[in-house]
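Same chain, two partners: subunit A is paired with subunit B first, then with subunit C.
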Partner chain A sequence: MLSDFAVETLDLCRSFKLKKAKKENNDGLVTALDNVSLTIRKGELFGLLGPNGAGKTTLIKILSTLLLPTSGKALVDGIDVVRHPEKVRKRINMVTGGETSGYGILTVRETLWMFSQFYGIPTRIVRERIDHMLKLLDMEKFARTKIGKLSSGMRQKMNIIRGFICDPEILFLDEPTLGLDVQISRDVRKYIKRWVKENTKKTVLLTTHYMAEADELCDRLAIIDQGKVLICDSPSNLKKSLKRDAVFHIEVGLLTDGLDRFKAVSGVKSFAYEHRHHLGRTLLKFILEDDSVISNVTGTLSQNGSKIITLSKVEPTLEDVFVSLVGKGLEQ
Partner chain B sequence: MKTDFKTNIKAIIARAYVRVVAGNREPSWVISETVLPLISTAAFVYVYKALNAPEEFTGFVVLGGAMSAYWMTVLWSMAAQFYWEKEIGNLDLYMIAPISRMSILLGMASGGFVYASVRAGSVFLLGSLIFKIDFGVIDFGRLFLIFILCQFALFGLGMLFSSLFMIYGREAWHGVSLFQEPVYLLSGFYFPVKSLGFTLALTASLIPLTLGLDGMRQLAFKKGVEMGFLNINLEIGILAFLCVFFMVASHYALQFMENLGKKTGRLTLRWQ
Partner chain C sequence: MKYSSIKDNLRTIKLSSWLGWAMESNWADPFLFAIYSVIRPIASSLILVFMYMVVTGGKTKTELFAYIYIGNAFFMYVYNVLFGISWVIHEDREHYQTIKYIYIAPIRMYYYLFGRGTAKMIITTFAVIIAIAFGMVILKIPVDLGKVNYPLLLVSMLVGLFIITCLGVLLAGVMILTAHHSWYLTEGIAGIFFLACGAIYPIDILPIWLQYLSKILPLTYWLELLRRAVLGKSLSVTLSYYSNFQLMLIMLVTTAFLAMFSHYIYRTFDHIARRYGRIDQLTNY
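Then we have the complex of A and B:
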């Protein structure tokens, strides 16, 4: 055992040069990671939660040896990813959401066999693992199907199997359920949970922007925005941190203009919204200093002529934690 | 170390499998990669027949037409391949696997060789039968040697291109397109390369197909030596040098481009 930690980063930074046309008033650099320091213990299912462009994928690329950091340190199982990438690669694998890897002309079984060979796994063992995993993910009947003929959901299930087939010490899952339907997402989450439970020393680093997924799966998670880690704790502790605040959800008719004025209402700590176009409604989410502030909010709504459809005080969710930290919702 | 070696061998076989087995799964290749090249070969054959050119020229054209399968494979299934691998997401997975990147290239090359040989063999066999080619092989041993050296050097060149194009996007596609036709001319696919003149033919000899084709023609036809460019042993020596040169160069180019790609972030950047 090289380290007690599966992943450690210290002041990790990564910036990218912008193309000339995109340079504005800055020095032509965009910061994807800004002094990220994290530790992930072995056996943890750790989540990185953040909006698109927050830096989640950049962090995974550095940890999986696909990208060099601009500065700082990144260790995987105690091994420096810059100095000894070849040692790191023996311990990891990665699955990305919406992945289209493989060759359409190969069958599911052939694809899984091909990728397993890059890890030197004997064909006999691979066959057993493929059978076992296809069964667990209810994909047995697709074993001989060419992957070019699979639906995106089935293909992602196959990708998940590909990630697990080499039995890595640390698995990076970058938005693994992106774009999948409810049932397939549930199957994938169930499989991930089962794997971590059965292999107590194995670690999963999962990035997602689905709050419920992070809440359901992760032992601990870090909320990341604009390349910075804002907070890192267990989902329950994160939610507890908002317990003292009053979290209200108000549904009104579709409201698209002047939403920023709610931020200025006295006593509003954070505010986010979510348009529900199919219902013709907008959900307003408030974190208030205390319950009494709700009258200021409803007053502002009535001044604007907005009719309240539902109003409820809710238990804080991870999304509320995110809103309180970032000042906006994930979808905004 | 032993395990690493075994893993790399497994990786070569696995990557070659895609070309060898899956590459022949769709029967449309018989039309697009055998019948169509045979038609363009036939056009040159009839030009030479109309001009009453020596009989050997018909054989030269059929041999050139068959060898074009290797060139197309090297260009489109080797040089530009890492670009496609990047677009579909395979490159990331190759790069994070605990194997030498050379084993992926070697797998692509060895699979590509088998894949192209099926096509080249079909064109060669059909062309020889249809146009009744009269072979007069002087030395089977050296003919085989020059063919093998030509293939090693050619796929070595493909591996070198592949590394260079690894971090580029559409530029790779355009670059490959630029190479296709000029090489048909410079390597003398449908005529003896000697006709280009010494300086141009020597420059063209950097492309392994030039000396490979010339050497095979010298050894496979009775009057081939008369129309040959360089002494056959010299051609074998140059091809052997090119084999080593392209293999070593592709190894270093691969390392350099991988590091550059990781620094700039272009290694896994898609849709460039």
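Then we have the complex of A and C:
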């Protein structure tokens, strides 16, 4: 064991040059990571939560030796990913959700066996491990199926098993449940949680779009936006930080125009919305300086002629934390 | 880069050969596969025969014809394996989307690529044998099986496969960086070798400056030695001053330089690819 930390980054930056066509006013650079400094302890299930383009995948790619940083340092198990990628590779594995990777002509079992062999794990141990994991994720009956014939959900599940099969010290999961149905997502989350619990020194770094997933799984999480880490703490501490504020949810009839004006109402700290087209309603989410401000909000609503369907004061959720920091909802 | 042991590298080769073979032999119909393996080398040889006959007015029983025919047959290795190895990068990246998982595994990419190429080498070996047999029986190419220098043939083949692997690794380095499968590049490089290494003409007829290139490319000596082993003689005047042993030495020395060069290029290009984020970049084309 080389370090107490599974992952440490120090002022990590990464920028990309844009293709000529996309260059606009700026110097043609996109900053994907902007001075990211994070430490993840061994045994943690750590989450990265952020909107599209926040830099989550970029960070995972750097840590898994696929990409070099522009500046700054990144250590995995105390080892520099730039200088000693080959040492890092022995300790890690990675899975990206939402893609169809794999050799269609191999069966599930063959694929898992092959990838485990790249890590030199004895076949006897691998065989047991494959059986065990296929069973846990309810995939036994697909063991002999060629992966070209699997549904995309099953294929992704197999890919997730591939991540665990070499029993890495640190596993990077980039949106592992992206596009999976509810039941499969639940199985996968259960498995991830169980793995970290059973192996107290093993670490998972997971990125996600789903608030509930981050809330349910992660010991600690970082909220990241436009390449910057905005905050990093346990989900419960993050929610506590909003306790002093008043979080209100108001449902109105479908409202698509002029939503931005709610941000300007005095006393509104942040605001987000969610359209519920199937109900013909829009959910407005406010974080207010205190309860009394709600009258300003309802005033603005009635000026606009919107009828309030429901109004409730709610316990702050992770999403509210996100909204208060990023200034918009995840789906917005 | 240093991955622990020979054992690990052998395991990588074993695995990727297994994978390469599974993919090569994935023909719905083994009969079609066999036909394809036979027809293709013969067809490609026939094109050459036809061109030669047009140019010379139908003489196929000359020494030059035998020279060309044998050179062309063995050159299939260069073409197939070079193409195969560079194609591995492309298909693992675009079609199978596995390249990043293979890249981040604790294996050396060279050995992985070499392994994926072995299936191609075996299939090509059949093709070469078929093409030569066809030449002997139908076109009366003067190969006397009793007089073939088998030890020389075997040693040259082993060194040759190593040379071709080094070239494959070099090209793979370019592929990993460019993120496109550059057909023109593979074709172009194979074409240059075809001309410069004396596959169809003795290198004596090339312009002097091109002969310098011929002389630093180990494939030149490889083809020369193969012809000497199979036909008992070759036609190149320039190379005729060297004994088999001397040619073998020169081939080994130039091969050693090639190996170092391709290792260097691969490492450098790999690093640049990591800097630009090209390893797993999809072009969807």
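Here is the rule we use: the second predicted complex is superposed on the first by the 332 of 332 C-alpha atoms of A that agree within 3 Å, B and C clash if a C-alpha of one lies under 4 Å from a C-alpha of the other, contacts with A are read in each partner's own complex, and residues count from 1 in each chain.
Here, contacts are C-beta pairs under 8 Å (C-beta built on N, C-alpha and C of every residue); 3 or more make two chains touch, one makes a residue touch a chain.
As the structure is a computational prediction, the values presented were derived from the model and not from experiment.
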Overlay on subunit A: subunit C relative to subunit B, clash or fit: clash
Touching partner for A:Leu279 - first (subunit B), second (subunit C), both, neither: neither
Touched partner set for A:Ile125, first subunit B, second subunit C, both or neither: neither
First (subunit B), second (subunit C), both or neither touched by A:Leu106: both
Contacts of A:Asn93 with subunit B and subunit C, given as first, second, both or neither: both
Contacts of A:Ala212 with subunit B and subunit C, given as first, second, both or neither: neither
First (subunit B), second (subunit C), both or neither touched by A:Leu29: neither
Common interface positions of subunit A, toward subunit B and toward subunit C: 16, 61, 64-68, 86, 89-90, 92-94, 96, 99-103, 105-106, 110, 114-115, 117-120, 162
In the complex with subunit A, residue positions of subunit C that touch it: 1-3, 8, 11-12, 15, 18-19, 22-23, 26, 96-98, 100-107, 271, 274-275, 277, 279-280
Subunit A contact footprint on subunit B (complex, rising order): 3, 6-7, 10-11, 13-15, 17-18, 21-23, 25-26, 88-90, 92-99, 259, 262-265, 267-268
Touch list for subunit A against partner subunit C, complex: 16, 61, 64-68, 85-86, 89-90, 92-94, 96, 99-106, 110, 114-115, 117-120, 162
Complex contacts: residues of subunit A adjacent to subunit B: 16-17, 61, 64-68, 86, 89-90, 92-94, 96, 99-103, 105-106, 110, 113-115, 117-120, 162
